[in-house]
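In the two complexes below, subunit A is the common chain; its partner is subunit B in one and subunit C in the other.
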Partner chain A sequence: MVKMVKATSRARPAVALEHGAVPWLLLVATVTAGPHVTHLPWWLSLLVGGTLSWRAWLWQQRRPLPPRWTLALLVIGTVAAIGWQYRTLFGKDAGVALLVVFMALKPMEMNSRRDALVVVMLGYFLLLTHYLYSQSIPTGLWLLAAITLLTAALIRLHGGAQPVVTVLRHAGLLLTQALPFMLILYLLFPRISGPLWGLPQDAYAGLSGLSEQMAPGSISRLIQSGAIAFRSRFDGEPPEKSDLYWRGPVFDEYDGLTWHTRARPGGSATPAPVVEGVGQSYAYSSILEAHDRRWLLALDVATRLPPDSSLAPTLEAVSREPVRVRSRFSFVSSTNYRANVIEAAGILEQALVLPEGINPRTRALASEWASRPPARIAEAALAMFRNEDFHYTLRPPLLGRDAMDEFLFDTRRGFCEHYASAFVFLMRAANVPARVVAGYQGGEINPVDGYLTVRQSDAHAWAEVWLAGQGWVRFDPTAAVAPSRIEQGIVAALPAGEPLPIVVRLDADWLRELRNRWEAANNTWNQWVLGYNPQRQREVLSRLGWRDPDWRGMTASLAVLCGVALLIVTLWTLPRRLAADPVQRAWRKYCTQLGRRGISRAAWEGPLDFAQRVAREKPDLAALTSEAAGYYAKLRYGRSARTEHDLRRLRQCLYRLPPRRRNNA
Partner chain B sequence: MQALASFRRWLFRLARDEQLPIILGQRRIFIVPTRAGTVFAVVLAVMLIGAINYNLSLGHALIFLLVGLGIVAMVHTFHNLFGLQMAPGRVQPVFAGDLARFPLHLENARRQSRRALEFSFAGQAANCVDLPAEGHATVAIACTTTRRGRLDPGRVTLASRYPLGLFRAWSYPHPTWSCVVYPRPIFTPLPAPSPNAHADHLHGDNGQEDFAGLRPRQISDPTRHIAWKAVARRSEEQALLVKQFAGGAAEELWLNWSQTPADRDPEERLSILAGWILAADDQQARYGLALPGTHIAPAQGDAHRASCLQSLALHGEDGESDQPR
Partner chain C sequence: MLPTTRQPPLSEILAAADQVILGKSRQTRLALCCLLAKGHLLIEDLPGVGKTTLAHTLARLLGFQFSRIQFTSDMLPADILGVSVFDRDRGDFRFLPGPVFSQVLLADEINRATPKTQSALLEAMEEGQVTTEGETRPLPQPFFVIATQNPSNQIGTFPLPESQLDRFLLRIELGYPDHDAERALLESGGRREQLPMLAARLTCSDFAALQQQAAAVHAAPALLDYLQLLVEATRADPRLVHGLSPRAALSLLAAARAWAFTDGRTMVLPEDVQAVLPAVARHRLRLVSGNQADGEDIAALIRAVPLP
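On to the complex of A and B.
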């Protein structure tokens, strides 16, 4: 006998890529690399589009792929260009650009199935990078579509030519079955809060919000954005709208142009602030959008703070680390308060410093008031704003070197940052300690979910004056000029035609309603999907009745639940019944029984032949077997339609078999 | 080594499949991640680190969905083989050096199709087949032949990576089958007809010299004797006609082992005999075969040819007495 020599080599030849599978992979490349066009340099987008179109043309014309060395040149050239463009090859943007380039060029040398697999794996990875830029609901939906396409491409790669609909449906089925695993893992996978290592410089570029300085126009630029700064929900009734001052950075240093937050030496140099709430206090929690700064925009002034945060010497709530992801904080605040009645000398001194030699007219006005008590000076300034011809507008005239003089005596047009800084300048010139506070004012209740929404367009600046015996007292000169800004919001305060973002300025009720619903949906999404961090995970699990879950317990239950899900999926997809034909089953059972009685049917033996052999070898079983074989042959091969009667008779043959003898002795 | 081999035999159920049809149950389907599956896992791990580092919640969701996809793909790859029924078909003899094809009849009892089933013998190229839902198909598994004899191709490796290529499920069905491999013919001039042949058959009545008339075809008549023109002329569907010849004694040829060059290798001598058989068959000659220990009386036709070639194939092997089925 010739035995085949067993081959020991495991090396398999590369499986060639089918012609029909190429469009799938080009689509994968387009879908995963395409949306990055919005933040890639234009030349890179052109290169990606051009390469993919070229590859599609080559496919359509059935032309050979370009030689390897041209690709190598292209890759080296592009990588060098990216390095030049971003000045680095690491970091978020440059890394994404590199991945996109690889994705665009890999199809150019795609000959085997293995190459195609590389494209799909790269595609899965590229999908992740989109979330560095957006994690909104549309992005999430788009994720599902893209992942279906990628999975369909894998099915097409391994399953050969099939109708497109079949492939997509199969991919959809696989993903549906994968969903329970996703939910279990999402809920129970022990979350670690990042970052694991220092993030590259550009990781948080492009976050908007207040900054550590207030240059002319910086707040009006912010007001142009309808983006949400944070959302708050009060445990009880929210305060009056005119009390909603959300405190951000405090500016106590002025250089004649820009207000700064003075860099203070940390530690015990300045004493902790002393705040005493008067009257009602409000408990609420805020979901703060990432802004990469430390201030938490608590309602002025916070009396109870979330963990890992504190009240700065200038009374704003700050967290230990910059807020780099959307986070949730709980506060208790009092809108009526006495703060730092006894203030550190350093802070008071700083609250009087003015640059020398500018704004002589303002200084002259202030020196007229200087003899009055401080509270009266502030009153006088507010009265001036209220009674004289000042206008509230987002399009003020440009101011020169003596900005305060020009504003107070000539142009008289401006918005919160002008009024706040002119007020503070006046106070300091009159020897009253004062400073500028930036933050947000107001907000709008979303009736859909009851959250108070505060947008960048609610950005505001006001003034604060230290009065002996009362501490720091808020004065809002903008309120004196345009009371409606504080009472009703910026839309009411501004004359028609001022530039404002469209989301803020919605007139039609149904549009407003639509916006509210959309934002409420986003809020839920943010809390449950995006804000699902270690802390939230613990909260959710304890609400499900699991107190104090640790990572061991979570991993164990994760494994158990995944096992159960696997079992369910396996059983669900199990083929229904194997031998579906009842006739064959009955005949096979009968033959098995005969086998136990010493005569087994060979695989090739037909029923009638077998019956004849039984008649020769086991005469006692001959009659019954020939009857059973007759029914079987009739049912299986006969011309007439199968009848239930015959099938029943065939089954009965099994029971009519004589009992087996226990032993052969 | 011995223990390892027996462990392998136990683990992979390497025994022959005596019961037909062969049905793949879960005990004999094995599954491991492919290289692509390993790469997939590594990609997921890297993605997870990235998602943690950048606090991407949606990234977590994506990764967990892909993990689920991997698990589900495993189940589906397993089910692609699970419950598959197969039965071996009849194997046609081939000449050494040609591809032997082992037909396997597949039956799919489930409602989903089974795709990309790869059948191969160890070290041989795979044959790929798709099986429609509740349908059947036949795959002819190729096996190269190198020398004459009875070829036992060993167990079949049935593998599939469908649907996602992340896992490879496989099984080792081992039907009882073999292929008769004829010696590779070497064509040399036919030996002279042996003189004593004429003594037996002075008047060959079935020669091909003179056309004698037409008669209905018997199954044993060679196809080249069919009178196609005459058949075409008759409109109704009737039995085929064959041309009948008379006169001129058909030559009777004895192809004898002793006539082959004695100085050559025995295998080569068998190949020369094979060449003679083909040549004689081609010339419509009546020929007999004489091998040490085997004599096949002179005759004609495909069955005769097959029987002669088979005796050459099995000459000196234990299966020598086997008759063609």
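On to the complex of A and C.
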């Protein structure tokens, strides 16, 4: 007895990996590790490709795998190289690189089925990491295909050689069956605001958008990108295109080259801004792409703001935290407004500061105008831009130390940032408080889903002047130079040949249509799949008739629903399983037991044939098996008579089997 | 345990046949099964392996009236069916029945005859009656045809078309005898002379009763499930031009019943179906490659269908 226990507790011998299953696993490794190549260092991609090809060659030539010490050296060397490349072994990029290396090297020691299982499980994990880099629709579709392949590989590992189509169909069926559970979990699993675990420091690198400063060329660089900045949907008719000024950061500090947002002390130092909408107001919600800044790009100027956000002293809507995930915000804005008619002294003073000793010609021009009322000064400046020979272009000549002088009197070619900063410089020089506002202007309605799409290429800069009794008033010098920029958009305003992104400058209607559809699909995906946050979940559940769900209720109903789903599956299959003849079950059990004793019945083998084979190969089991086969044949294929008795005898045969013996115990 | 007592007359007949045809007990038993299942038998093999002896032996042991036709290429239907001749005394035509009017007709080398003659015989097999000169005459009961044919790649043969092959319940091959059987054959100097000495073990009515019992062997739903799975597998098999017909399925069941009956069982087991399947199916299945299915194809088919 003791001997037996000892014997059974010993680990089972490893099941050898079938030769025919290896391509499946190499495919798993390729599919899961392959797409990471786009952000891995080149030497690592080369290593992964080389290792997998090597393994495929070994498979094809039926050669033995390399010795362990080779692999050990390879692992140590690669890990060291990754540590050197990333200066760490932790974090998103280094961690993924390590996983990819393991995925490429594990097939090199893949001898048993257990090793193959490790590869598949690692594959499932590696698939998840792709979501750290992209969460787009193609990624989702591709991962779905990859999951099917991985599942098929598992089936192939356990099911032996079978046609590829059969394996894939089986995997597809399994995944389809998992679909209801996935949906239940997706809808009901309590959502957590923000990511489940802290993302590493480098997670937000590479987001594009406006920044806290504006140097010549910074906006024209941004315009090179066709990426979407945000999408908005108005509850009613949207405003005129020329009124669509989306307010971003406000620059009120100039150092002669760059405009900055002045770091302001928070708290009570500056009073809260006072804005008053005049005429029509617009309610809308925006889905803002992550840009890692606090401003929310509300339509100028926002009168009602979403929770956890406020109007900054310089009138732009800002949230409490930087926008690091794509988020939805609802606003009410008025395009006609009176803002800060009474302005804090500090802000007005700041709006007059200019660096000393540069741009003498501009200063001289401003001092000519200084005697006029402020509104007339602004008019004069606009009239100058409008009437004199100024050009609107993305490729202005480079400017020197006296940038404003050169621009206003010599080159006269520039982009919105040139015009806005020149205008503000002129105002300040004429002692009128003024500042530069950056943001986006315009946008394009996507007819497919009705969302107004605003791209980085719609980035814009304009000026704002404080007039006594009116507060801050917008002046857009670009509109004076190139009115079509404001009325029709950037494509119409720029001469042909200017470097604009292709998505923006689609000439063919069908291409434009295609782009619109693709972006609308992406928008839906973003809102319903990626943006399915706690708020969205509450909305969905309340639409389903469940007011005010909390996480306890959701967890409970999740458990109940999953239980119900399982119950339905059980009820569906149970009758069939119960109906599976007790005779069949008893005979199969008997055959299984014989299988463990070294002789198994082929699926097509009839009972008497099997009994005869047992008599030949295992004479000690012959009598019992012949008896069991006789009962079984009679019960299953005979006329029903004495069924219960025979069934009992058949079952007894199972218990009369001698205990298993281990030959090496 | 299962009752495995074979019906005494059957085991006696098989034992006696084994005395004559050495080392071919499986083929002998299949031939007997074919007759028990009321089917016609086709024996295909090279000349001289004992086809005729087997047919003759069975006929004698079962006590049947026996006639034999050697088919040749110049044979006419009338040579089999019979002709009307003018009787001068009665001033009338009189029908002289041909060799087909017997209980067991041994049609030797059937594929040497022209298709026209072949089809005259096959029609008689199917209908159990003969129509000549506008008159229909019933054949004796029972009526069996045991046809032999040479492999069709031999010179001067007209291979039977598939539709006519289907009329034969079973087709068996004898093959060469094994070493010991051949030695015994050589020592005894041939078996033909034993034939006249064989005594009938049964009467016609005895055999009819046995046929009835064989047809009453129980085929459980589970067995029919299995049989259907096999037949469907032949239809789904991409290597085959077409699968087994419903008539072939019926034949398979009848043959399996007879096989179980000769084993002394009152129920059909999957083993019985598997045992007769090659003889039932091989002449009915054609491979995409153009050949007839061989034993290995049928074995693969059996292995591919698990018992339900």
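Keep in mind that, in the parts below, the second predicted complex is superposed on the first by the 552 of 665 C-alpha atoms of A that agree within 3 Å, B and C clash if a C-alpha of one lies under 4 Å from a C-alpha of the other, contacts with A are read in each partner's own complex, and residues count from 1 in each chain.
Everything that follows uses one rule, which is that a residue touches a chain if its C-beta (ideal position, glycine included) is under 8 Å from a C-beta of that chain, and two chains touch if they have at least 3 such contacts.
Here the structure is a predicted model, which is why all the values come from computation and not from measurement.
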| item | value |
| --- | --- |
| Contacts of A:627 with subunit B and subunit C, given as first, second, both or neither | second |
| Partner chain in contact with A:416 - subunit B first, subunit C second, else both or neither | neither |
| Which superposed partner A:324 touches (first subunit B, second subunit C, both, neither) | first |
| Contacts of A:160 with subunit B and subunit C, given as first, second, both or neither | first |
| Touching partner for A:170 - first (subunit B), second (subunit C), both, neither | first |
| Of subunit C and subunit B, partner touching more subunit A residues | B |
| First, second, both or neither for A:603, with subunit B first and subunit C second | both |
| Partner chain(s) touched by A:434 [first = subunit B, second = subunit C, both, neither] | neither |
| First, second, both or neither for A:638, with subunit B first and subunit C second | second |
| Subunit A residues contacted in one complex by subunit B, in the other by subunit C | 603 |
| Contacting residues of subunit B [partner subunit A, same complex] | 19-20, 23, 36, 39-40, 43, 46-47, 49-69, 71-73, 75-76, 79, 82-83, 85, 87, 109-112, 115-116, 121-124, 128, 130, 143, 147, 149-154, 161-165, 181, 317-319 |
| Subunit A-touching residues of subunit C, taken from the complex the two chains share | 1-2, 218-220, 222-223, 266-271, 274, 302-307 |
| Residues on subunit A engaged by subunit C in the complex (per definition of touch) | 602-609, 626-627, 630, 633-634, 636-639 |
| Complex contacts: residues of subunit A adjacent to subunit B | 1-7, 9, 92, 113-114, 117, 121, 124-125, 127-128, 131-132, 135, 139-140, 143, 147, 151, 154-155, 157-160, 162, 170, 174-175, 177-182, 185-186, 189, 191-197, 199, 203, 324-325, 529-533, 562, 566, 569-570, 573-580, 603 |
